[in-house]
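Dropping the structures in below, format is C-alpha cells.
Shared between the two complexes below is chain A, which pairs with chain B and chain C, respectively.
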Partner chain A sequence: SPSSNTLITGLSAWQVNSCVLITSASYKLKEKKSFCTCKEICKKEFDCVVGTEERERERERETADVVKQLQRQFIDFSTSLYREGFVDDQFAQLQKLQDDSNPDFVVEVVSLFFDDSEKLVKNLAVALEQQVVDYKQVDANVHQLKGSSSSIGAKRVKDVCVVFRSFCESENHEGCLRCLQQVSHENSLLKNKLQTLFRLEQQILAAGGTVPVLE
Partner chain B sequence: MGMAAADAQFHVLAVDDSLIDRKLIERLLKTSSFQVTTVDSGSKALEFLGWHDDDDDVDVDVDDDERNNSNEAFVSPKNHQEVEVNLVITDYCMPGMTGYDLLKKMKESAFLRNIPVVIMSSENVPSRINRCLEEGAEEFILKPVRLSDVNKLRPHIMKSKSICKDIIQKPENQEKQDNNESTETQLQSQSQPQQTSQSNNNSSNKRKSMDEGLSPDRTRPRYNDMTVMSN
Partner chain C sequence: MVPWFYLAGKMVIGSSKKVVADQIEEVRRICALVVDDDPLVRRIHGMLLARYGLETEAAENGKEAVDLFLSGKTFDLVLMDMEMPVMDGLQATQRLRGMGVSSMIVGVTARGLEAEKEAFMATGLDACWVKPLNAEAIISVLDELAKKLL
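Coming up: the complex of A and B.
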C-alpha cells in the first residue's frame, strides 16, 4: 500500500476528488497545503495532482508572458540603438562572440571601453587647458579613443573623434573644445543606453528566457 | 599531401598596445579554435618568440634531428622558444616598435622569418599597406577586426607548413640556404597545393598581388628560396 502523503496519480480529476471522499485507511491526507482548485466540489485540503498541475501551468504562462514582454522591449530598444547610430555592426559582432563559455564578454569589453574613454576624456581636458596646447598629444589621445570606440562599435563616439582629429590637425582650439564636450556627452549617453540594454538582458535571463539575437 | 588536419590547434601570437583590441582579438581567435597569446608591444613579442639581438641572419644550418619543421622557429641553440608560434598578428600603430618594425625584425631573423605575419591597422593608407606587404606580411587587415578576417588566417599557416613539408620530404633536393640573398625564382607549379588560391582571389584593396608572373598561388621571394627545385 502506498505510504502516507502519496499523491494519487493516474486518475482523472473526478476520480481524485472522489478518492478524497473515500478517505480510506490506506491513505492519509497530505499535510494541509493548499486548497485544491480543480473542482469546486473538492473542499478538502490536499494537493490534488490536477490542481497542482494547473497552478504550475498558470505560473508558466505568466512567466512566459513576462519573458515575451521583456524580449519585445529588448528588441525594440536594441533596434533603436542601431537606428539612432549609438552602435553599429561592430557591436553586433561583439554580441556574436559571446556564448555560454564567455557569457559576460560584451559587458567586459564595454566596461573596459568606458574605463578607457573616461580616462582619455580627462586627459584631453587637461591637455586642452594648457597655456600651450600640445596638439600632437591631444591627437594621440583622440586616436586612441577613436580606435577603441571603433572596436566596440560605438559609432557616435567614433564619429566625433573623426571630426576631433581634423581640428587637432588644424590646431583649432575652439573646435577641439567643442569636440571634447561632444565626445564626453556621447560617451555618457552611450553608457546609459548600454546599461539599460544589459539590464534588460539580465531581466530576461532571470525570468528564465533567452536573449533574442537581432539579425 | 599528408597535412595535419585543418582543425589542428594553431598558436597565434597577437600584438596590440590597446587592451580592448587585445581582448577582442583574443576572443576572435579563440572562437576560431586558435590557441592565443597576447602581448602589448613588439619587444615583448620578440621576447616571447625567443629572439635575441645578436641573431640576425643566423644561418639555419643545424642538425636535422633538431629541426623537424623549419617554419617553427625553435631551432638555433642560441634561441629558445618555449612554445611554437604559427602566426603573428600585430597592430601597426604602436608606441616604440611599430608593427612594421616588428615585421622587419622578424624577416631579418633567419630564426623567425618563416612565421607568417599579419598586420592590422585602423587606417587605410595604401603606402603603408604596400610597405608591409613588400616587407613580407601575409595580409593587411583593417580594424575593427571581425570573424571573417580571422577566418583568412588559417590558409597562411597551412601554406607555410606545406612548403616546409615539401622540403622535408625530399631530402636529396634540400638546400641549406644562404639567407642573405632573396632571388626571384620560378616556382614549379606542381609543388604548391591549391588550398591557398581562395586567399589569392581577394580583390579587396587590402592585399596586393605581388608575383603576378608566377603560378596562381601567391608566392614571396623568401619562400621561393626554400622551395624544392626540380629540373
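Coming up: the complex of A and C.
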C-alpha cells in the first residue's frame, strides 16, 4: 500500500535540489503532514529533505533561544541572591571549586549544611523550652550554626546567629526566642532560594547549555 | 616568594621548571591533613586543598590526627581546628610537636579573638587563620609551605 508520503495517482514529479516538485495540484495523502517550509519550490503537505533540514535548524534556533533565556534567568537570580544578602563571597568560592570531576560539589555541601542547620534549629527549640534554660548549651548550638553558615556563605543566617549569641550571653529569653524564629525563617528562605538556583542549573544543562559563571 | 607550580599534574616547589623537569621522577605530591569535627568544613577545606593539587586526608578530632602520625603517616601540612571534642586543637598541636612532628601546622578558629589565637599559636602553630578559609588564604599558606619545604 502506498505510504502516506506518496502521491496517489495521475501525477508526475521530478527532483530539484532534493525537493520533489508536484506537477499537478490533485493528490491525496493518507495523513496530513506539516507544511514543507521551502514554500517557493514545493507545494503543500509532505516532508521533503530541505523542509526537514529547515525545521531542524528552526528547532536548534528555538533551543538556543531557550538556553539563552534560562541563562539570563540564572544570572538575574544569582545576582539577586548576592544583592539581597542571602549568600556572600564564600558561596561564590564554593561555586568556583565545582568542576567536571566534582559536578555536584555545591549541592552536596549545601545538603550537608541544611541537614546540620535543621537539626540545630530543632535542638535550639528544645533547649529554649526547658524550665531552666541552659544558655551555655544554647550558645554552643548557635556557635555551631554560625560556623556552618559561615562555611557555605549563608550570610543572613550567620548574621542572625551573631545577634543570637549576644542574647545567649545576656541570658535574654525573649531575645533568644525571637532569634530562633528568625534563624528558622532565614534557613527556610535560603533553602527555597538555593533549590530554585539548582533547578535553573539543571534546566540549562538539560537544554544542552552551560551554566554561566558569575564574575 | 618561592614559586610553586604544576608540572605533569603534580604540585612542585622549585625555582625553575627546567631544573625541576630534570628531576620529575623524584617529585611527589604534597600531602595535607584536615582536622575538624565539622564534616562540612572537612569537605570544603579538603576540596580547596585538592584544587591546588594536594593529596588530602581528614580526621574528626585531635586524637585521630595524633593517631595517624603515630601510625607512621606523614603530612606536609596540617589544618588544625581549635575546638573539637575528645582532643582539641591546642592539645593535639602540643602532642604533635612533643612527638617531634615538624610538619607545617596551621590553626583554624571560628572566632577571631586575639587572646585565643595567641594561646593557640603558643602550642606550636606555624600560622593561625579564621575559618572559613578561601582561595586567598590557601595560596598564602602554600607560599609559606613552599618556603618551609625548600
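FYI, the second predicted complex is superposed on the first by the 163 of 215 C-alpha atoms of A that agree within 3 Å, B and C clash if a C-alpha of one lies under 4 Å from a C-alpha of the other, contacts with A are read in each partner's own complex, and residues count from 1 in each chain.
Note that contacts are C-beta pairs under 8 Å (C-beta built on N, C-alpha and C of every residue); 3 or more make two chains touch, one makes a residue touch a chain.
These numbers were taken from a predicted model, which means no experiment stands behind them.
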Chain A as common anchor, with chain B and chain C clashing or fitting: clash
Chain B versus chain C as contact partner of A:G208, first or second or both or neither: neither
Touched partner set for A:P103, first chain B, second chain C, both or neither: neither
Chain B versus chain C as contact partner of A:G85, first or second or both or neither: neither
Clashing chain B stretch [against chain C; choices 61-69, 97-105 or 169-177]: 97-105
Overlap of chain C and chain B interfaces on chain A (superposed complexes): 90, 93-94, 96-97, 102, 105, 108-109, 112-113, 116, 143-144, 146-148, 150-152
Touching residues on chain A, where the partner in the complex is chain C: 89-90, 93-94, 96-97, 102, 105, 108-109, 112-113, 116, 143-144, 146-148, 150-152
Parts of chain B lying in touch with chain A, wherever the complex brings them together: 18-21, 23-24, 27-28, 31, 93, 122, 143-144, 146-147
Chain B-touching residues of chain A, taken from the complex the two chains share: 90, 93-94, 96-97, 102, 105, 108-109, 112-113, 116, 143-144, 146-148, 150-153
Contacting residues of chain C [partner chain A, same complex]: 38-41, 43-44, 47-48, 51, 110, 131-132, 134-135
